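Labels for the chains are A, B, C and D, by order of writing; each one numbers its residues from 1.
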Amino acid sequence: MKIVNPVRVRKGMKVADLVSEMAASGVMGAGKIAKAVDIMEAMIRDKGCKVFLGMAGAMVPGGMKEIVIDMLRHHYVDVFVTTGANLTHDMVEALGHSHYQGDAHADDEALNKKGIVRMYDSYMPNKAYEDLEDFFEKHFPELQRASDVREFLWKLGSLVPKGKDSLLRTCYEEKIPIFCPAISDSGIGLMIWGQLAKGKKIDVGMFNDLKEILDIAWTAKQAGVIYLGGGVPKNYIQQSMQFSPKASIYGVQITMDRPEPGGSSGALLKEGISWGKMHPNAHFVDVVSDVTIALPLIYGALKDRLK
Amino acid sequence: MKIVNPVRVRKGMKVADLVSEMAASGVMGAGKIAKAVDIMEAMIRDKGCKVFLGMAGAMVPGGMKEIVIDMLRHHYVDVFVTTGANLTHDMVEALGHSHYQGDAHADDEALNKKGIVRMYDSYMPNKAYEDLEDFFEKHFPELQRASDVREFLWKLGSLVPKGKDSLLRTCYEEKIPIFCPAISDSGIGLMIWGQLAKGKKIDVGMFNDLKEILDIAWTAKQAGVIYLGGGVPKNYIQQSMQFSPKASIYGVQITMDRPEPGGSSGALLKEGISWGKMHPNAHFVDVVSDVTIALPLIYGALKDRLK
Amino acid sequence: MKIVNPVRVRKGMKVADLVSEMAASGVMGAGKIAKAVDIMEAMIRDKGCKVFLGMAGAMVPGGMKEIVIDMLRHHYVDVFVTTGANLTHDMVEALGHSHYQGDAHADDEALNKKGIVRMYDSYMPNKAYEDLEDFFEKHFPELQRASDVREFLWKLGSLVPKGKDSLLRTCYEEKIPIFCPAISDSGIGLMIWGQLAKGKKIDVGMFNDLKEILDIAWTAKQAGVIYLGGGVPKNYIQQSMQFSPKASIYGVQITMDRPEPGGSSGALLKEGISWGKMHPNAHFVDVVSDVTIALPLIYGALKDRLK
Amino acid sequence: MKIVNPVRVRKGMKVADLVSEMAASGVMGAGKIAKAVDIMEAMIRDKGCKVFLGMAGAMVPGGMKEIVIDMLRHHYVDVFVTTGANLTHDMVEALGHSHYQGDAHADDEALNKKGIVRMYDSYMPNKAYEDLEDFFEKHFPELQRASDVREFLWKLGSLVPKGKDSLLRTCYEEKIPIFCPAISDSGIGLMIWGQLAKGKKIDVGMFNDLKEILDIAWTAKQAGVIYLGGGVPKNYIQQSMQFSPKASIYGVQITMDRPEPGGSSGALLKEGISWGKMHPNAHFVDVVSDVTIALPLIYGALKDRLK
């Protein structure tokens, strides 16, 4: 058995060294952070391993966009699944708007009158939607012939202004497949509805990109999963893992959701073994943390270790 | 100010009387349960009010199906939005299979070998999927021409064996619009993929039923929302509320998710006021509870009050 | 394996019948509620079993006083351990004051100016403390010679006005040993300090009543534990269980605290097996719920079953 | 309004720079971490400010001992309040034993047979208690005449082997008042009971050190509070703040406990304003995190800023 070596903090300490201290401690949340770094390093270094990243929750309004873009740019991630909300907020920023540091206990009626919408303590001016509308009005002809959501999203990424930091743009440029099974449940969905309301048509089918993600899973020699939050992104990846020859053999989950209510979002990764989504001998860890705390810490250490 | 009258429990007490005691106490979780009953009663009694029910999490494996069916049968609910997983589990039961009382700390590898999948402490035999496959193989011609998910789900409901308690069947029979924006992210999705893999085609479009839910919201004199868990079902209803003339004026949310990480699932209903999803003067309550505890309690009291 | 029979709710349903439905469902939170009733019934019916009840959190301001008093009056509980805060609030009510239904999002500065203190959404007028001061000024001579906290608390219970519903009074009248290891950390502690500041002395020793609770544990043929919240009350009982010949063989815990941070409050009962606090074959359940929701529900069913 | 600048992570990044990125993001958990560093820096730099540190939960078994010792050695902290369990584990390590990295899902019966006790995923060999017994047997004469817990703990600290990293030893050497209102609820309490069972006597009074902590609060020009977890340590400091002329004007709380059940452990710091425990204009933040994740991160940045 390894000793719990208490975490020692030094002046001028690097993130990677702090995580090494957490590894030496090896227990509770700190131990899980250190384990997450190890497992992410292993899955990224494993040449035959396809890494699936699921991202739910207010990650773009919560300031996590650049870390994920960095992961995509470096091809640490092979498949990206996220929510329509995150892609909407990504577009909002790509079109030149910003999110603002707000107050979780604000007077929401006053915010509403000022045209500000709130996601916990992150604000967005409502007028961002006007630019979104113009964008979709202008580009609808290029979007309407996409046959599935994956294709739709790459097309969208190609249309986002170049040079802007954007998840959509990055996936397009790096040719990383991006999925969003509930895209209609988002500002982007509403924009498309606005076009359909004018009598236009769109081809995007509901079930068509399932084949694509399942094929990637099916042909992967090894698979690894990283979940930032739960929701549809996690579940969509999990179900594809049932079709991966070895299921996932690496897994990192970061969420505040509890397992006891029984839903997929809070389910421990271990549960996936019964489904054949996770290999019985897989290396995995469930980090119980706000993603905006754990991810920068984990990624700060990971960057030092990779190349 | 009202006094906190401690909850008094008597022998042979009815659920409705217990909730009255909770109302007299009026604070903490008990007070919120009582408030939820009041608000649900009000929204159901309000003739001009359209009630939108969102349901996420393992509600069918968690034994909540009959309560929701009862709500649908009595038309306490006008619009139903749920996850593909719940509809898959609903079909599994409608086709004659069951979920089983299991162990949250089970040996998942052993379960896997026995062909049992686990959702926390609820089990399902994997062979249920075989019957699902046969069902979709047989009925695909009737399903493939649905133009949107709402239509697809009613069609599915019409095909489910009559006389079985089923969410899908009930929505079909009672003509209650049912939405599932991420239907491809579920066993049902996989069944459709199985058909597409054989070269068949399906028409179901991604964005097509947005018009329907937004029209219902738009034409509602009043709107009320009930959220069992968060996820896409909650968010899909929430975004439609922005288009309802008065936003929602009643709201009940039951979830264990926390607000602090910033995601939609755990967001307090109050946040919706900034978005125009919730009316500033709305009656609403956030119940922090496992749905399988709070819902039976709330519904037990509600049944007594409604005619 | 038992089937998950979905919970069915009927008009005019009794609490006990609702819990029977939860038992038939048998999974998630509902299943745990039903199991808690079974285990509490078993430990109360078991003639040789000493039942230890630990209560932490804002249970008196949260309206749970009468249920606990009912448990004490019926001698369902043999040993009671709680926090100084709960006993202070119990005294406040026994002296004729009330708690009030408030607002968890209140303007705390405004409350402070009005002389109202807040516990989440339960309010207490500050002037209650004045009566407490008078009480302790008057009765100090009777209290100061208590040699340990248990004796101090029975003495305090004897001085509380008769006929008032009070935890302290009930323990005194029913001769139920009551422990409060951190009594100095409470309004009662401050009242004693107020007396000491006037140069008075008090004999109450820190370690003296340990012998009493350990003797009860040691001589119990069987032991059962019920934890409403965690904190010192849970831990104080847990440590005594190490000295009970069979450890506890029944256990019910109700808390919202999570196990992952590693503290005693959120620790699963199972962990106690490693310590010898819980018997390896014990019947126990961890209910993840707000106590003010779960306890009335559990106790409503339990009352019907007992006698 | 300040823009949410997404967190950017660089190779070789220092902890302090990562926290600066979190500050630039400024929202969700990351924003709170950054705010916690600012507030802790401010309270430590404020010459007239007395800093009260409360620590609950399995912090010593969880590897947080050295960070707290570092804070004590540098006199960043003026008053320390903790649990008996943490002090017991501190003594265990000071006497040469270790905690070990274990498994939260271990077979607890097997652990029990091996003489290993478990705190989540941290293990301790039971035989550590034998050395504790010898220690208390040997040193009881020096301990028994302490009149209050604070004095008892300094005496204990003086007896702990020199040169060992120990919270108790550090408080003694640095003359930092250390309080533990529920000391009888711990392994140390059991050791004392073991001595009393042999007919020995001890003078330590229950209420005697209240005067000391209240005097420190009363005479403080300014006060700041830091809570690692809740429980008695938090509450004991909070009640002393009512006696500080300006209440606390700085506050940092790190806990996973939720506010909704109403207990003190999960209560937001803001609630303290109603009680006069927190100044209405105080700088404070509630960090929702496992302490073992947040504290090293916060302290890593703080060390860089101080001196």
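Some notes on this structure:
Here, a contact is a pair of C-beta atoms (placed from the backbone, for glycine too) under 8 Å apart; a residue touches a chain by one contact, two chains touch by 3 or more.
Source: prediction; values computed, not measured.
Taking C-D and A-C together, the chain pair joined by more C-beta contacts is C-D. The chain with its Cα centre farthest from the Cα centre of chain A is C. Averaged Cα coordinates give chain A a centre that lies 35 Å from the centre of chain D.
In whole angstrom, the spacing between the mean C-alpha positions of chain A and chain C is 43. If you average the Cα atoms of chain C and of chain D, the two centres end up 25 Å apart.
Among all residues of chain D, those that touch two or more other chains are 27-29, 58, 61-62, 120-122, 256, 258, 260-262, 288, 290-292. Within the complex formed with chain B, the chain D residues making contact are 27-29, 105, 258, 260-262, 288. Taken together, the chain A residues at the contact with chain D in this complex read 1-16, 18, 21-22, 25-31, 33, 58, 60-67, 70, 98-102, 120-123, 165, 256, 288-294, 296-297, 299-300, 303-304.
Within the complex, the chain A residues that touch chain B are 56-58, 61-62, 85, 104, 106, 108-109, 111-112, 116-122, 149, 181-187, 189-190, 192-193, 196-197, 202-211, 214, 229, 231-232, 235-236, 239, 256-267, 270-276, 280, 290-292.
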